[in-house]
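What follows is a pair of complexes built around chain A, which joins chain B in one and chain C in the other.
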Partner chain A sequence: MSAAVLGGLLAPQMVLAAGVLGVLGAGMAAFNPKFIKSLMILAILGAFALAFGARPGAGDALIGLDGLGFSWQLVFYAAALPLAFLMAAESEVAPALVLGSLLGLGLLAVSANLLMLFIGLELMSLPAYLLVARSRGGAQNSVEAAIKYFFVGGAAGGLYLLGLALYYFTQKTMAFAGAASLGAQAGVALMGSAALFKVGAFPLHFWLPDVYEASDPELTGFLSTALKAGGILLLMRLAALSPAGPFARALPWFGAATMLFGAVLALRQERLQRLLAYSSMAHAGNIVLGVGAWAALGATPGAAVAVFFYLAAYLFMNNGAFSFLKASGAKTRADLRGLGARSPETASAFAILLLALGGVPPTAGFLAKLLIFWEAFKAHLYAPLLLAALGALLALGYYLALLKDLYFEDAPAAAPQLETGSGLAVLWTCAVPAAVLGVAPWILTYMSRLLAL
Partner chain B sequence: MIFSPLTILWALPMAGGALALALALRSGRRAGAWSIFISLVVLAFCAFLPWREGAALAVTGPAWAYGIHYSLSMDGLSWVMCLLNAFLTVISLIASLGEERSAGYWASFLFLEGALMGVFLTADLFLFYVFWEIVLIPMFFIIGLWGSANRKHAAVKFFLFTFFGSVLMLLGILALVTLRHRATGVWSWDMQGLKGVASGPAAWAIFAAFVVGFGVKVPIVPLHTWLPDAHTEAPAAGSIMLAGVMLKMGVYGFLRIAIPVFPDLSWHLLPWLAAIAAINVIYGAFCALAQSDLKRLVAYSSIAHLGFCLIGVFSRTTEGLAGGTLQLINHGITTGALFLMVGILYERSHKRGIRDFGALFAQAPWLTFFFSVSILASIGLPGLNGFVGEFMSLAGAARVLPVLAVAGVVGVTLAAVYALPAYQLVFWGDRGPSSVSSHVTDLSAREQALLWVLCLAMLYIGLHPSGLLSVITPATKGLAL
Partner chain C sequence: MSHWDAVAIVIDLVLVLGLTGFFANANRLLGPHPVHEGDADIPFETGERPIDSAADKMSVLYHRFAVLFVVFDVDLAFLMPWALCRGSLTGTLVVSMTVFTGLLFFMLAYFWRKGVLECR
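So, the complex of A and B:
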């Protein structure tokens, strides 16, 4: 394996690593925080461009890029952009942490080995704990939430290592080499539960609402899209080790349970960020169901279009929703009242996102749900599918309730003033794709091509 | 190719709606004039469309992905539904001129019209589902923003109920497409050629999903509870579109998908489906009988009338199918007129109760005249449109399942029982102490013109049904056994 080939595969990661160093250096040299923020945005854009230009191929025992990693890398970097644009330009710390987390996600994408996956997993998570702890815009004590997040993440990492040890003990390798024996299956299940922790799947979700509520809205957008996509990739790598094994077979049920649990709890929330936290859990449930169906259908990378499209659509929908929270400063459902009359443009963008999140045609959210359901059909997963359909119906209930607040309720006497700024630009940048991707199925053909690279 | 006259038929209202929003941010009145203009153009375009049986204007675009095509086609069934939609949209919009409305209101109706056109035109199941759902969005806002007191609750309930049915329908569609792929190796969402792809328990499950999915829209009892709320709380023009066109989507779904795909199963299940239809007729009538709110009475009567349509359609005889379809049109016109007049009463007096009025005849002779014609058409007086559709439906049912025809005849009688006393109280009865009849002024020239058009249409179909039947029958007789 020549260094040149490896360098080609790792170019985005190198840009991100350079970005971390550059940002820290610029901070030490007391550059303008705005300049530092721009540096971070440039690094992310550069990484995206290089990832887009990369050509998948085998690397060495640790590194390799397949269609799955290639496609997911695009999701990771794109999902970080809303955060990068919206975060306050204060110091070099937050930009360095964001780039560090992205570096971990990038490594996750090119890992060809279970140990590399672990490194990617930890590197994506550690900066996230700190980012949560530094948040000031959330409703809850962010340090407390960050500690919770940290301990749960540590436990997940421990589970992963335990599973990896078991796997290595039986398979004598840490490469992706199937799972022939019972011990290896158990190892996969242990590692997989770490992935389920990261995704926030029921019953390993308990950290999620607190963490998502305690963070700044734009950070929650990042956690719920980029980091969740990372968890999903991890899950897929593990499920692909043994697509017919017990862990992969249990995934649809985890998905359906997560979907239902998230949807039911979201129904009763008054605080918007907590509502969206539970709603993101419901979406994660759909995706996990899709992963289960994908595994049941043979776990070939080229067949992962449904999951890929869901994540791509979700990236726009959820980041858009959180950028709305950021831009509007709305904290509770009561703050939304009468917004449709007070500022129709902002409200209509949020309305589009809500319809998309609810899966109403012709939005991207609809096509995403349709594809997952369809996969489940092809995989004969009828019972989880019915549960997920029920969950989709419940989910629509709380999105409609928000629409009702936006448009049908009168504004309270002391309505909070809306900020306007970069949040609106991000909001619309997310709302437009969320609205139109659902009637552009050619994008699926394109995505299949990327996955099959 | 995606450009064809059929594309214009759904895209023009949508583009008109978008323009209404863009143009008239300042003045709702201008948006109103613009929307009425667009809806008239669409109506004329639809009426003079040179379609003919056998897909003269059909259009199929390139494959998107997974065999999804942009594909539209028009037969007699599609044409009459599109015409009804275009016609009632014009009526609704002109009826809305009485009140000051924002641009969003006018645009919503045009979006609704475009989406409904799409439902009636498309020949691709994916597209069908997309249009089917888009219909909900403008109607959600029409009810929730411009409805009466309990509008918020009604709007959410309406959306959730119909979405529930749609999700089941979507699962049914997915199952059909997947099964066809297993049988033929081809991904295709074409509505044609699905007959026989499902068999055994799968066929039963899919058919049940369709019955529920389309049944929520019809609505069949017990999936009907969204209807009284939505129809009562919607603004008058919204009620016209809800009852006049949107309910028809359900029966259209049976005619276009459920029965053609499962011809044997739907025949096999005739007793059960017939029971559903008969329950609709009887239950709707009894509920209407119990109402003290005039608008709610008309809403419940819709459940009964749609039951007649289902009786005709499920009988699978040539006359039953044609009569059931004709009854869709008839009910659209008649109930449209009734909702329009109830809306006028409400606009004048802010009351809808049957006992809030009395002796309106003296106050508003024109209103009384048009209401008399409409209520007689609604209960099926010979010479007016309702009679033809109900008679043909029942004649078809009598041939295959006489007991069903008996239930239908009971329903016809009950219609007179619930409609005429209410009509008598409102227009001819004594005024009570709380009567608001004195606030009701007679119809303006605009309202008269609308009602003349509607009542003449009732009379025309009643005296000369063969005009429409010659269009409907060729399209539906293929489903007859």
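So, the complex of A and C:
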């Protein structure tokens, strides 16, 4: 790896790595935790700025940046900011882990080789297990959830390596070189199932609700946006290896099944974080459907606008929803009752986010769903499209039920005192784009320009 | 790769599953079936009866050293190929390996400072 690659394409990753070292060093010197936290935020902002300034190009056999990696890198770093601002300033450990996970995501974005993709995949996941284990704000035993997450993630890594071995055996290379033979197709399917694990797609989702419920709310926001975007990028790289292969053709069905399953299970949840976990599964289903449609339409990087826009909109919607949980301290649906009257500014932000998550017309969530469904329609995926639309309808049910709790229910006699204020800025920063991105069509033109870089 | 390779993979899979299944259960299928009584079912540990259940939790003070050992051991494995091409080391290789070793020392210093190396 030459110095030109290190200083050019890998500059954001270098900043993040320097951030890890700086944060650990500051912790070693017993600096103020608040200072360490701002160091982390600076590193993330610096990485974002450098990633935005980078211009795609070929690096070497392992590293290369295309429009897809460029755009996804922006999503990764932006998705980490709510967590960075909201997490408790305790020690240097959590900031170092967040930066390490982001470093893995950044490597995932610039990988031009299946082996580099694996390194990125592991580096993004390993700190996440530890972050989950360190959570104290979740509803469940976080160590148990972290161990579950670890074993499932380890199994996914093993599947990926098995598939990679099979791919290498048949293709004699680990570069992105298509999948001409049956063995290579099987390898792609095995690697793809690892990506489906990471995304939490239907048969491989069982770890997701427990992990998302046991984590701190702001960490769950990070897991469900940044890490999920990483899994989606992996999925797209693998689907692009053989866009007409059996794995890519199965993707729409996985997406539709995930969408339906998540929506149905979210309907009966009382605990908010578990409800949002299943809701994030439903959204992941939509995105996987979009990836399937993208592959069916030829898997050109410039055509991934629908998936990119969905991820960008979802970044704001879901991080906003989880920062509401953090800011309000609400745990169950009962805590929401009458919140609209008690603290209108918090409740209205959450209401906007719920409408956006549900896909109600003027919001970003609506445009995102519309784009995905339109792609699926263009790719003639009528049956998965119908199932996903049914899921979207069901999903509206639980979002509207939460709205009803907010505004049309009286507060119980002993209303729990909600702490508001701390996360309000982050909450509104997420709620405003979630509302207005849907009525700004120029953003799509801009996004396709980024993707075609 | 032809379709015969796929057949080979399937045959391999059948062999692997069949053989491991057979060996895992061979004793139950083919072995004698002695009557279990008395001390026969107790774990044998130099003739002593076990004090407790083996599933109890116990404090392992040295696990951190074990983990650290594994980490640094694996990291040092990367030095091996580097040392083998000592004749043809270019500037970049020297610099990158110096940075790598420096990172190892940095992490060791971090663990030391954080009290990980103390046996409490």
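To be clear about the criterion, the second predicted complex is superposed on the first by the 448 of 453 C-alpha atoms of A that agree within 3 Å, B and C clash if a C-alpha of one lies under 4 Å from a C-alpha of the other, contacts with A are read in each partner's own complex, and residues count from 1 in each chain.
By definition in this document, a residue touches a chain if its C-beta (ideal position, glycine included) is under 8 Å from a C-beta of that chain, and two chains touch if they have at least 3 such contacts.
All values reported here derive from a predicted model rather than from experimental measurement.
Touch criterion met: A:F377 reaches chain B, while chain C stays clear of it. Once the two complexes are laid over each other on the shared chain, residue contacts for A:T170 go to chain C alone; chain B is not touched. By the touch criterion defined above, A:M28 reaches chain C but does not reach chain B. In the superposition on chain A, contact is made by A:E409 with chain B only, not with chain C.
In the superposition on chain A, A:L400 contacts chain B only, with no contact to chain C. Using the contact criterion defined above for the overlaid structures, shared-chain residue A:L355 touches chain B, although it does not reach chain C. Within the superposed three-chain arrangement, the count of touched residues of chain A is higher for B, of the candidates chain B and chain C. Using the contact criterion defined above for the overlaid structures, shared-chain residue A:G183 touches chain C, although it does not reach chain B. The part of chain B that touches chain A in the complex is made up of residues 64-66, 68, 129-134, 136-137, 140-141, 144-145, 151-152, 155-156, 159-160, 163-164, 167-168, 170-171, 174-175, 177-178. Here chain A touches chain B in the complex through residues 355, 360-362, 366, 370, 373-374, 377-378, 385-386, 389, 392-393, 396-397, 400-401, 403-404, 407-409, 438-445, going by the rule given at the top. Across the complex, chain C is touched by residues 2-3, 21, 24-25, 27-28, 170, 181-184, 186 of chain A.
Those residues of chain C lying in contact with chain A across their complex are 1, 3, 5-6, 9, 92, 103, 106-107, 109-110, 113-114.
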